[in-house]
Structure formats: C-alpha cells, structure tokens
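Next, two complexes with subunit A in common: one pairs it with subunit B, the other with subunit C.
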Partner chain A sequence: MSRPAAGRRGGDARLGVNPITCRAHGLCAELLPELIGLDEWGYPILAASPVPPQLLEMARDAVAACPTLALRLSGAR
Partner chain B sequence: MSQQVLWYISRGTGMVSLLLLSTTMVLGALTGGRFAHASWPRFTVSGLHRSMSLVGLGFVGAHVATAVIDSYAGIGWLDVLVPFTSVYRPLWLGLGAIAFDLVVALVATSLMRPRIDPRGWRIVHWAAYACWPLAVAHGLGAGPADARLTWVLAVNAGCVLAVVVAVTWRATASHPDTVARGGGGW
Partner chain C sequence: MVRVPRATPHQVMAAAGQARPADPDSPYRLLAGWVDTGRPADLAAHQRRHGPLPVPAYPGRAGPHRLIGVVDRSGLRGRGGAGFPTGRKLTAVAAGRRRPIVLANGCEGEPASRKDHVLLSVAPHLVLDGAILAAYAVGAEEAVVCLHAQDPLADTLRAAIAARSGDPVPLRVAEVPDRYVASEASALVNFLNTGDPRPTAKPPRPFERGVRGRPTLVDNVETLAHLAMVARYGPEWFRRLGGPDSPGTTLVTVTGAVRLPGVYEVPLGTSIGQVLELAGGAAEELQAVLVGGYGGSWLPLPSGGGIRLTHADLQAAGASLGVAALVVLPARGCGLAETARVLRYLAGESAAQCGPCMFGLPAIAADLTAVVEGAAGRRGGAVLDRLGGRLEVIRGRGACAHPDGAVRLASSALRVFGTDVRRHLSGRPCPWAAGGPRLPVPGDAAPGAR
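== the complex of A and B ==
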C-alpha cells in the first residue's frame, strides 16, 4: 500500500523553518504576512495550516528570499 | 582614437564599479545588521544588495575587458586573474586582480548557495571585507592621474565614508539573535 505523495493534488504544501539556521532576518514575515508572524525576538511563527494554493507563489518567493535558507516549502509541486 | 575610447570606457566603468561595489557593501552590512524601516523593508535591502552586486560584476567585467582589449597599456588576460604579473603598474593592477578574483568568488558562491555548505558560503562572503578595500586602493593607485582630480577623490571619500559608517553600525548593532548566539553585533 503506497500512499500518494503529499501535495500531488495540491493543498498539502506546508512551510517549515529550520530553527538552527534561522537568524531572525524577518524577510519571510514581510513577504508572507498571511502565514508568517514574528515573535518578540524576530523569529518566524508559521501558520499551522497548509499553504492555500493562491498563496503558493508568494510562499515560494518568501522561501527564495530567506537570507539563511532556513525557510522551506514541502509538499508543493 | 578607438583605443582612447576603450581606455576611457575602462576608467569610467571602473568608477561606476566602485560606486556599485560600495553600495553593495553598505546594503550587505545593513542586511547583516537586520536594518529595517517602514519605507525600507528588509527584502528591499536584501534584494538591492543582490541586484547591485550582479550589476557591479557586470561593470567590473566591462572594466576589465576594455582594459585588456585596449592594447595601449599591454594588460593581458592572465594579468586580470593572477595578481602582480602585469607589466603595467604591477602592484596596483595586482590589487585589482585579487579584488576581481574575490568578486567572482563572492558572486559565484552566492549563486550556488543552495547547493554548497552554508559555512563555506559564509567564509567566502566575509572576503568582501578584504575585496572592497583592495578595489578602492586599486582605483586610487592604478589611475594616479585620475585620482588627483578633486571629484574622483570626492567620490572615493564618499564611498569610503558610506561603507565605514555602515560597517561600524553593523558591528555595534544589537539584535536578539546575535546576542543569543553570543556573537556580539555580528
């Protein structure tokens, strides 16, 4: 029984952050305020829900803009 | 006449390179110090840092290419990459060659960043602090006739001042992340 790969049908894309490599630059929260907030020290707080399809492109931009490559998007085609 | 044109283009693109590389340094220091302002969000600073470095590399490329293609000074392609081999002003062109090698390494490692070790990228990126002063010294030393002009000196002084202020700010800026990692302002 093989499970279908996550995200192949869309809707399962999720943001993740590597807490070790994240250096609290905060670009992600500027670029994707819909899904990313900042805590009082400037580290991102990610929405627990999957990335809605209409925000996928912006989520990719936020991932690409991360100065330390700590933000990841998984499950997106 | 056409040779003179090449020589003038080389000096002009060299000056523009100085401005662009200095701007890149300032924007890089602002990024490292987590500078943010309502009208200057961080993605703007970071994005400009990236674009300025790429445009800067373009101008440095034009500066180097025209200097070599122009046969007057007898600068060879190898002199561009290997420092202190030039017949024409070996010391000052040598500093420029080191700066050129470093700029290429800086841009190349940044473009390959997702595929290389982050610590390696970081070490290479710190070389910017060696690259930029070498480039400034090269500009002042390789073109002594130009460097005597008041406006050229003023541009150089403005660039040095801007970078020194930005780097000093970065070195002293306090941010929760750098404090938590015990790294002072860096």
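== the complex of A and C ==
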C-alpha cells in the first residue's frame, strides 16, 4: 500500500502466466515482443526480469488482450 | 492387550521433551521395530516402543506453537522429494486465519520408490502419530491419509485408525487415483475438493488455500513419522545423526544391479557407495546410479559412489535427493535407452494441462529415442541441438514440477552418458540398447519389476 511510487516506476512489476489456462493464442507475444517470446508450440516464454516502466502500459494491454485471462501482471500499481 | 498406565515414567519424561528411544545412537529409527521383531508394529507394540502420543508434552495454548518450534529446531526436511523445511511449512499453515487440514501423503507415485509403502506397512502408527501431532501443531480440524486407490495399504491404515482411541483430531483415509502427478500436493487438494486428480496453478499454494479453502499441510508420510519421533525425543536427539543441512535418517529405496535390492534406513550423509554396500554390493559391474527417482539425476559410478546423501552434497554434484531412491545401472545396460523409456513414461504421465509439459515431454522423449536409434550423420547433430534447446526452455513452466523432473533426468543422461551419445549418433549403438529394461515403469511386464 505504501509503495505506489515503486509501482509507477514499474520497479517490481512482473509478468506471470497461468500455464493451465494458457491456450497458446500468442497475442501476448504480438503485443509485447520485448518481454514475451513463444516456444515452438506457441506457448509464451516470459522475461524473468521486472517490467521496465516504459513497457508497463503495453504489458497492461497484453494482459487485457489475453483471451483466457492466463497472463497477469503482479506488483504493478 | 497391554494396558498403558495413565502416567508412565516414559510419559513424564516425554512431558519434558526428554523421552529417550531404546537405543539413541541406533541408525534404525523409523524401522527399529521392524529390525528388532520382523513384524509390523500394531498399536500395542508401537506404544511399548515409543510410548503414547506425546500431546501431553505440549500442553496449554502455547503447546502447539512450542511443538512447531521443536520441529523447526530439529532441522527436519520433507521426505517427499522437495526437501522443504518442515518447521517452516508448519509455521506457514498455522499462520492462516482458518482452521487447517493435514494431508499425510502416502501415494508414492514414484516408480523407483518403495519406502513409503514399507514404512506404512511396518510402522503405520508412527505415521498416524505424526499426522495427529502435525494437526495438533497447526490447529487442524482433520488429518487425511492419502493412498493410492486399490492399494491394500488402505485397509491396513483403516484398521490401524480403528484401533486407536483418544486422538485429539479425527483421522481418515482417502484413496487417490494411481497416476504419477496425482500425488503432487495441489493435485491431492484438487482431488479432495473436486474429484479431479490434476495439479492446479500456483498461487494459491495448498498452505494458503487448500482442501475446502482451508490452509492445508501436505507432508509425506515419512516426514510425519520423523516428526512423531522428534516430538518425543527432541531436536538434539534428531540431529545426532545426519549433517547440519540434512539431519536425521532417511529411508532409501535401492533397486537395479545390487544383490539385495530393498528399502534401507541410513543416516543422511551416508555415501552412495555405502548405501550400495548395504544393499549387498554390486551384482555385476556398474556404470551409473539414478538418484532421486525418475525425476532425478544420473551420476556416474564408481566416481559418484563417494557422494554423500545430503541436500547440499547432491546439489553440488548436480543432483538432488528427491525421494532418496537409487536405481543402479550395470555396465551391461544402456543409460540412454533407459532414459528414453522413462521419458516416454513421464510424457504419458503428464496431466496434459500445461503446454510446455504436454508438448515438450513427448518431444524430448522422441529426440532421445532418435539419439538411441542412432539418427545418422548431420541429422544426428541436428537432433542433439534441438534436444538441447528444448531442455533449456521447459523448466519452471508447468503448474507442477513434473516437467522439471523429466528435464532434469534427460539433461543428466546427456551429461553422464556423453560418450554413448556420440557412439549412438555415429551409428554404433551400444549392444545393450536392445536389451530388456533395467528401469521398470508401470505397465511393464518386465522380470524384476516389483
């Protein structure tokens, strides 16, 4: 609650995926290629590093676009 | 029937946390009764040896918390594969707002392991004591012993539960489908909640939200048996055997090319070579040992024989203790062919929920099979490159650790059997590749399968 500043900078925002609900639609990798790649079967491989602030908005778009709501962003405010 | 007086001297000592086992320095702790008598311990025999349930040693509102402290100081780590500190898990479950549930995991889905079966057969009340004590420690309303459906042990345990009286928490048996991943902690919780025996995504982890939404402690039955001893004899006694990072004894399942395959109890820190000697020594010339079960790692023999069974030593050697199963591969066996077979089995045991597991494991199994069959020339190199790439990207991407174990096994095979990889790829497969399986998988009608 007391760390909105860090959230705005994106310092501790991380992408995660629910591997069970993910159906390899691949929209996330289209929308955020800087942080998300796809394996040979079409499933996302996420960058282990935090989401940098300049990509936070696009990360939110990718999360919102996931048809199965499998992609999530944690630690962002 | 032997009547147990209300306050034996034993119980009084237990109240001080100072009860002493018959022989405090014996390497036999969990199996002491079996080693002495050759008979499974019924309730009377169990209580003659260990005294009554030591709940009175942890009285009052602070008692459960004190018991957790004792387990924490013992350094006991889980015996179900992950090796997580038991005291920390108890603390996490007890910290939840709702009343927890305890699951004693006796499913033993790992084909290379037989130790839980042996323990539940010869010392069921030690496990039940552990489940009750864990439930007491975290304030649980119920303890459930999870076993495979159709396992005759279910009747053994139901009879053992019926023989007990005065337990502060109700005990029952739940029968779980006999699948490799069905005994993963979140799969047990999912099965008890919905009837679906497949793992679920984390978070939430079972300690946060498990059976009926309650914080759920899932501990391996051997872990709970050790806990029952720690609660009686104290953390200092527990640490008299084993090492600082891996205290106590452990049950080890030894199979493969040894003269006396079976389940043994050894102090942690015993070397792999010493364990193999205990199991009668080499039945023929040896080549390698698979440590930790089918999701474990190969180590070469004889050089790996000096490695000690502790979490730290095995980690330094690129392996992990897992469920402390050792499968010994003779020189007249093909480690690659064995690994490819096990990978095909593990691929078939995927719950088929997570893409990297449901597509990745069959792909790895197929690549390994191609290597074994000697994919010739440049195509062989391409197969190896592709396999290497696949082994890089799968780890950590499933809801459970099943794909990680399969990747660990395949990676270690490429490392330990590197010479064989080159031979197979150059069209000179070893003569043993076509031989009978040395590592049995369920469904095999192989001789020597247990």
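By definition in this document, the second predicted complex is superposed on the first by the 67 of 77 C-alpha atoms of A that agree within 3 Å, B and C clash if a C-alpha of one lies under 4 Å from a C-alpha of the other, contacts with A are read in each partner's own complex, and residues count from 1 in each chain.
Here is the rule we go by: contacts are C-beta pairs under 8 Å (C-beta built on N, C-alpha and C of every residue); 3 or more make two chains touch, one makes a residue touch a chain.
Because the structure is predicted, anything quoted here is derived from the model rather than measured.
In the superposition on chain A, A:Trp41 makes contact with both subunit B and subunit C.
With both structures placed on the common chain, the touch criterion links A:Ala65 to subunit B but leaves subunit C unconnected. Of the two partner chains placed by the overlay, only subunit C lies in contact with A:Ile20; subunit B stays clear of it. By the document's definition of touching, neither partner reaches A:Glu57: not subunit B, not subunit C.
Residue overlap on subunit A between the subunit B contacts of one complex and the subunit C contacts of the other covers 21, 24, 41-43. Chain contact summary for the complex, subunit C toward subunit A: residues 200-201, 353-357, 359-360, 363, 390, 393, 397-399.
The touching residues of subunit A, counted against subunit C in their complex, run 18-22, 24, 39-43, 45. Residues of subunit A touching subunit B in their complex: 21, 23-27, 30-31, 41-43, 65, 67-69. Across the complex, subunit B meets subunit A through its residues 31, 34, 36, 41-43, 46-47, 113-114, 118, 175-177, 180.
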